[in-house]
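Pasting in a structure now, in C-alpha cells, and then I'll have a few things to ask.
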Amino acid sequence: MFTLKFSPSFTDTDALGHINNTRLPVWFERARNDLFRLFTPDLDPKKWRLILASIKIDFLGELFYGEEIEIKTYLNKIGNSSFVVVQEAWQNGKIGSRGEAVLVHYSFENKASLPLEGELREALTAHLIQATS
Amino acid sequence: MFTLKFSPSFTDTDALGHINNTRLPVWFERARNDLFRLFTPDLDPKKWRLILASIKIDFLGELFYGEEIEIKTYLNKIGNSSFVVVQEAWQNGKIGSRGEAVLVHYSFENKASLPLEGELREALTAHLIQATS
Amino acid sequence: MFTLKFSPSFTDTDALGHINNTRLPVWFERARNDLFRLFTPDLDPKKWRLILASIKIDFLGELFYGEEIEIKTYLNKIGNSSFVVVQEAWQNGKIGSRGEAVLVHYSFENKASLPLEGELREALTAHLIQATS
Amino acid sequence: MFTLKFSPSFTDTDALGHINNTRLPVWFERARNDLFRLFTPDLDPKKWRLILASIKIDFLGELFYGEEIEIKTYLNKIGNSSFVVVQEAWQNGKIGSRGEAVLVHYSFENKASLPLEGELREALTAHLIQATS
C-alpha cells in the first residue's frame, strides 16, 4: 500500500463549505505517482506505459479544508494487462471517498496493451490487497 | 437531454498531448448546470438541494485541444430520492468519455434525503432516456 | 477584441461562496484561444509558437456562480517579439477581475524568440486598444 | 520563510510537456496555508479574515513532472492593513516561477479592512525578507 499525506488547498473547497467532488480524481491521480514509478521510474511522460480505462468514486462523507488528508492506494485485482487501483481518502480517522481506477499496461508506439509479467507483476502484487470473504 | 458545447483550454491537456482524465469530472459538473436549475432555479449555493453520491467515468477514446466538445446530459433512472445522470463527451462525431453520476435530492438543513415528486419529478422525467432492450 | 461568454461551474466556487481566485488564470487562458489561432490556426500543440512570460491579475470585485461571465480580450502593447494581452472578466455589468499576460512569439525548435511581423503583426494590431491619455 | 515540498501531478502538465502556467497560482495558494494560519489558526473558512487583491507571476523557466517542487513563501512588504507575499517555485536547484500576491486583512462582516497590529504584525514580521540594495 502506498500512502500520501497533504493539506488541502483553499481552492479545493466549494460554496457548500467542503471539498469539491472534482478534486478527488485529481488527488487520486497525484497519489498514484509511486505506482506510476513501477512502470516509468523517472516519470518521464515520453516513456509512459499506462492508460486509464475508467474511474469510479463513491463520496462517502464530507472532507474539509484545514485538516490533513491521507490517501491510501492499493490494488485489488491484477489481470493479464490491466489492474484495478483502489484509493481511499481519509481525514480525522474517517473515510471520505473511495475510488477505483482501471489502468492498462500499454504501448503508445504499438497502440496495443502489454502483458503484466516478471518483476513488474511481482512489484504490483506486493500492493495487492484482496477483500476477505 | 441537455447539451453544452465549448472549446477545451490548453490547460485541459496533459503531457501525453490529449485532454487529461481529471478534466472530465469538471466538464461533466459544468454540463449539469441546466439540470441543477431544476432544483435551484437561480443556482444560489445557499439554497442547494443536491448531493453527489458517486461518479463513474469510462474513458473510451482520446479527446483533444483545438476542436469543439459537446456534452450530452440525460437521466437513465429516477428513484424515490436519487437519480442517475448519464453524460457523454463527443468530439468530431466520436464519443470520448461516458459518465454516470448518482445524485440525491437532499435537505442540508435536515440532513435527510427528499422525495422526487410533483413538478420536479415531471421535469426530470422529461430528460429520462432509458436504454432499449 | 475577442469575447467569450460562459456559465461558471460549481467547482469554480470556494468556501467563501464566490469564484476562487485561481480560476481566473484558467478562464483567461481559455479566453485566449482565438488569439492563439492567429499563431497556430488549428491549435495543434506540436506547432505551438508562444510562451507565457508573466501574468498579473487584479481582483476588483467578487464573481459568482449562477450568472454568465463575459471575458473581453485585447492587446495594449505590441513589441518586437512580445505583446501584452489585457483580459477583463465581467458579470452583470460589473468588472470583477482584470488581467495582463505577457506573451512571446517563440520557436521551440530554435529556443529563440521570433519577430512579430507581416500579416501576423497586422492581425494582432487589429486587436490593439491603447489607453487614451 | 515558509517552505512546502511536494511532487507534481501528471494533471499539472500540459501538451508542451511541462507544468502548465495555471498550476502556479494553485500551488502558491496551497503554499500560503501556513501563512493563513496566522490569521485563522484552524483554517475555518467561516472565520476567514483575508482577501486577495492581486497576483503577479513571472515564469522564469520550465518546471516538470517527476521531480520534487519546493515553494518558498515570505513577505517583502507589510503595510497598515495589506502585505505582499513573495513565492518562489524551485526544482532541481533552479527557480522556475516567482510570484507576488497582495493580501488585505479584512472583516467580511463589516466589509472593511483591518489594521495589522500587535502579535499578528509581529508574526508576519518574522517572515519579512527585504531586498538588499
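For reference, chains read A, B, C and D in written order, and residue numbers begin at 1 within each chain.
As a working rule, a residue touches a chain if its C-beta (ideal position, glycine included) is under 8 Å from a C-beta of that chain, and two chains touch if they have at least 3 such contacts.
Keep in mind that what you see is a predicted model, and the values were worked out from it rather than measured.
Under the contact definition, subunit A and subunit D share the contacting chains B, C.
Separating the centre of subunit B from that of subunit C, both taken as means of CA atoms, is a distance of 28 Å. Averaged Cα coordinates give subunit C a centre that lies 23 Å from the centre of subunit D. Rounded to whole angstrom, the centroid-to-centroid distance between subunit A and subunit C, based on C-alpha atoms, equals 34 Å. Looking at subunit C, one finds that residues 10-11, 13-15, 17, 21-22, 26, 29, 45, 65 touch two or more other chains. If the chains shown are joined wherever they touch, the resulting network links each chain directly to all the rest. Within the complex formed with subunit B, the subunit D residues making contact are 10-11, 13-15, 17-18, 20-23, 65. Of all the residues in subunit A, the ones that touch subunit D in their complex are 6-7, 9-11, 13, 17, 26, 29-30, 33, 36, 42-46, 65-66. Every residue of subunit A that touches subunit B in the complex is listed here, in rising order: 14-16, 21-22, 25-26, 29, 45, 48, 51-59, 108.
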